[in-house]
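Multiple structures are listed underneath, in structure tokens.
Two complexes, one shared chain (chain A), two partners (chain B, chain C).
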Partner chain A sequence: MKKIAVCYKWVLSDADIRVNEKTRELDMEKCKPQVNDYDRNGLECGVQIKKATGRELVGITCGASVAASAKDALSRGLDAVYYVEDPALAETDKVGSAKVLAAAVKAIDGVDVVICSEGSSDDYAQQTGPRLAALLDMPSVSYVVKVGAGGDAFTLERKLEEGSEVVEVNAPVVITVSPEVGDAPIPGVKDIIGAKKKPANALTLAGIGISPDAVKPRATRVSVLAPATSRRKQVLNPEGVSLDQAAAALVKQLSADGIL
Partner chain B sequence: MADYDAIVVGAGLAGSTAAYCMAKAGLSVLVLERGDAAGAKNVTGGRMYAHSLEKIIPGFAEEAPVQRKVVRERISMLTGESCFTIDFGSSRFKDPASASYTVLRAEFDAWLAGKAEEAGCDVVCPAVADDLLRENGKVTGIIAGDDELTGEVVLLADGVNSLLAQKAGLKKELSPHHVAVGAKEVVELSSGVINDRFNLNDGEGLAHLFAGAPSQGLVGGGFLYTNKDSLCVGLVITVSEMAKSAARLPDMLEAFRESSPVKPYLTGGKIIEYSAHLVPEGGINMTPILSADNLLVLGDAAGFCLNLGFTVRGMDYAIGSGALAAETVIEAKEKGDFSNATLGSYKTRLENSFVMQDMNTHRRAPDFIEHTPRMFKEYPELVENILADMFTVSGPSKLMVKKALPRVFKAGLLNLAKDGFRGSRAI
Partner chain C sequence: MSAIWIVAENPDWAAVMVSAAKSVSADALLTVFIPPLPADGLWEDYAPSLVAKAKAEKPSLILVGTSKRGRDLAARSAALLDAPCFSDAKNLALSGNTFSCDTNVYGGSAVRSDSTTEPLVLATIGPKAFEPDPAGISGATAGTLDYTPGKVKVTGRKPRPPQTVNLGEATKVVSVGRGFSEEKDLAAARELAAALGAEVSCSRPIAEFFKWLPEECYVGISGQIIKPQLYVAVGISGQAQHTFGVRDAKVIVSINKDAECLMHQNADYCITGEWQAVIPALVKAVKA
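The block that comes next holds the complex of A and B.
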């Protein structure tokens, strides 16, 4: 049976990032892992294509600690999940993860539609989809906001900076989607309970023919810092001057700063 | 055939305890929690008395995310100008059977729900149980969004404002006299600083309650609890009292935090969390109908909470009622009868346990506390005046009794005698 594979990334939620005000370093200690927000739209796109074409819908992910992601991803309409978990993937770069995902796609029988979101909420590098297309020797259609599908033929609407473009393409194809492609519904109770019963398949690097050397990062992150923000905390009535005077001082200051 | 033996609404301490015990006995259990994770919507001051969970999971504190073991108790009476404190530290508090721990619900509830899941429960969050599912009038499960899930029995552990218990006709709408509103801040400080400021060793904690000025004369009080590397500082005020005053709770909390008895503890700390919640304080006067055919009510939803002024308890009752609800359901499963004929024994079990016995012992406490406003204004002032007289030297001295008696007369001997008598029967 032909399959749609949606690649998803298991990222740390950005809602609980704390910034050290002195060093500007990010404290991720309280952040919990979740399915990358953008990939949820990708998964929804997969559900739509499954409905239109009758293909089986599988999810693929990779990382150092991703087994726990399967239950969450499976509650979002997937029939099965394949994951590659290996400590070597903790430090890999986009080249490495694209190689792993491409090898996983090849290892799963019958995948002829691959869906990625445009980027992930942590890095937003926008590389995985196009790299996958190259490695799999499939056409890449990016910035897709609407999918028309029937059999092997796809009509894809792309949102461009100025205007839109419609592309017709036959599977096999790699589609990268923008969030507009479909709102991701919140999984219902039955979806979540049902996810426990669906297959989560572990793949190994060796099993899909990837050597540890192939995922060694060639670009290394040296630091991540929050943007520097300066707050002036300027008090305009330090000696309790009258409201009129303070207001006049404020107007003057705002004009001087080019805000008014 | 129902999807589950039992459906538990709410993964707080009552719900997760019940779920854990039922799953351990081999029942199939579904737990629905409306928060993103168990504990996400829950607030405690907070300190938990360990005895009830200790019986269910002996030695739980070894693995559970507890903050500190409380070895030091303080109670302060504050007026605008003065602070009178009782400070009691004892190694007796270390006995596991009577120990208490400071906890943060976000992590503690998540741990307990995890135990329930390990035991075999399906724990689903976020999931809101919108209504009870009924067939020919009989409760057969719950409705959550577009999904209908069936269970032989539904356990309502959905918190103080249990809408499902109200819909089922088991509970009346909350009375403002029966609930308090609590607001608290979590202030981050290093554990070393906390140890130094409160004279504690690593892992040891302090519980500090405040009466008088913090509630600005209203029925209520302030609290401060030490966590590993943060402090919880907050206020609890009876809801009906808030209506009497123009003061807003957030402003009152800020005034409390900035007041001179509290502020030095918090110096250099950073407020990392703010939360507020309703607290059931009506005691036995707000106990709902506890069981019906295919239904049980537990934890805060049943109003199992007791504020005696010097101890405030809810979590150990929640856990106790959860365990007893589970016992009841296990028996119902064995009998194959989930009607109130069997489930009704839940009430008897509660009455034979510390849960209802405490509610009974202290049945007069909520009324006493609410109708003795002198406890929150005049008496702290009386203590202040006597002590100020005692410690002030500004000229010739007088016999202590000559200083104190006029103060006592001013407060009113009759009032003191009356309140003392009523208090001794309530607290």
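The block that comes next holds the complex of A and C.
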């Protein structure tokens, strides 16, 4: 049976990043892993294409520690998950991860529609979809906001800076979607329980023909630092100060700053 | 660095990348490609032609304009050339054969610096990352790329509706977020903006999901990056992707019911409270 493969990234939630005020380094201790926000829209897009074309829907991910993602991803409408977990993937970059995902797609029988989202909340480099298309020798259609699917034929609307572009393409194809393609529903209790019964298949790097060399990072990370900020963070209504007083204080401040 | 290639959709952007290239190496040989938009095919489908040329002529750096088309073309080309690609790169530098640059990560919460000794590197460059070179592209060689239509047929193109606001020019901006639960509530923000002589902008969900304001009104790393004198964020949580867009504002005010919100951490002046109460007080004070 033909399959749709949705790639998703298991990332740390960036909302809980704290900055060490002295060193400007990031403290990720409170950050929990989650399915990248944008990929949730990608997964939902897969669900819609499955409905329209009757294909099977699988998820693919890779990383140093991704087995735990399967349950979450499976609660979002997938029939099965394939994951490649290997410590060698901890430091890999776009060059390596696209190779792993492409090899995983090839290892799964019958995938002729690949869906990625435009970027991930950590790097937002927006490379994986087009890189995959190139490596799989499939056409790439990126920044897609509307999908019309019937059988093997796809009518896709892209949103670009200068306007929109409507294209037609037949599977096999890699479709990279923007968030406007559709909101992702929050999985319900039934979806979460159902996820436990669905298959999560482990793939190995060796098993899909990826050598350790292929996933070595191609650049050295020199530093990751938050930019220095110099905002005053002055709370104008501490306890005991009314909103009217705070508002008046703000107007006075803004006049003193030469803004009003 | 021997040869640097520049790929752009238009000469203005190419001129920005001429500056970027010169910042890497003052005496590099520059070749500029500005392939025209095919009538019924993807511009990105120039990628195979670029790749074939690059394999033959071996440039050491390929810069591509960070439009959506540019990103797609750069990523596809990088994959086919088995090369790293740095998205939205800044502070490009070359020392010996080590290339380094900065990219934003975690929605602009942090800057990552990378270095590499790869023989070929690609990087995409934003339209405002560098001042355009005063000489434009006149000092560079004009390159051409052949176009072989790909499997994707373009059947229609529609220009985006004309912009109704120009946030970039505004000196004062009042910005609304999901702290507003209904479209009609924006009237309060508009009243505050009118009192201050400000434009109204918003966070991404307000424009993209609720569509209460046009898309060119949302501020942040994937929206408008602005430098007003005054930015008043009302009911905006202050996620890094948002605050990235106003990092260079002179004064930032945050109005939020949550004293712990990140927007307060990124503001000069904060008022903790519901906008329903704060805005009327502020309008009164401004008019007083």
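Things worth noting here:
Heads up, the rule we're going with is that the second predicted complex is superposed on the first by the 231 of 260 C-alpha atoms of A that agree within 3 Å, B and C clash if a C-alpha of one lies under 4 Å from a C-alpha of the other, contacts with A are read in each partner's own complex, and residues count from 1 in each chain.
Methods note: a contact is a pair of C-beta atoms (placed from the backbone, for glycine too) under 8 Å apart; a residue touches a chain by one contact, two chains touch by 3 or more.
In this text the structure is predicted, and so the values were computed from the model without any measurement.
By the touch criterion stated above, A:206 is placed in contact with neither chain B nor chain C. Contact with neither chain B nor chain C is seen for A:64 once the two complexes are overlaid on the shared chain. Applying the stated contact rule after C-alpha superposition, one finds that A:130 touches chain C and leaves chain B untouched. In the superposition on chain A, the chain among chain B and chain C reaching more residues of chain A is C.
Contact with chain B, but none with chain C, is seen for A:196 once the two complexes are overlaid on the shared chain.
In the superposition on chain A, A:90 makes contact with neither chain B nor chain C. Legend: residue contacts after superposition of the two complexes on their common chain; A:224 is shown touching chain C, with no touch to chain B.
In the superposed pair of complexes, A:19 makes contact with chain C only, with no contact to chain B.
Of the two partner chains placed by the overlay, only chain B lies in contact with A:188; chain C stays clear of it. In the superposition on the C-alpha atoms of chain A, no part of chain A is touched by chain B in one complex and by chain C in the other.
Those residues of chain A that touch chain C in the shared complex are 14-15, 17, 19, 26, 93-95, 98, 121-135, 139-143, 155, 158-170, 173, 176, 179-180, 183, 218-227, 229, 231-237, 243-244, 246-248, 250-251, 253-254, 257, 259-260. The touching residues of chain C, when paired with chain A in their complex, are 42, 44, 47, 67-69, 71-80, 82-87, 100, 103-107, 109-116, 118, 150-160, 172, 196, 208-209, 221-222, 229-230, 239-240, 247, 250-253, 259, 264-273, 277-278, 281-282, 284-286, 288.
By the touch criterion given at the top, residues 30, 32, 37, 122, 124, 126-127, 144-147, 149 of chain B touch chain A in their complex. On the chain A side of its complex with chain B, the touching residues are 32, 186, 188-190, 192-193, 196.
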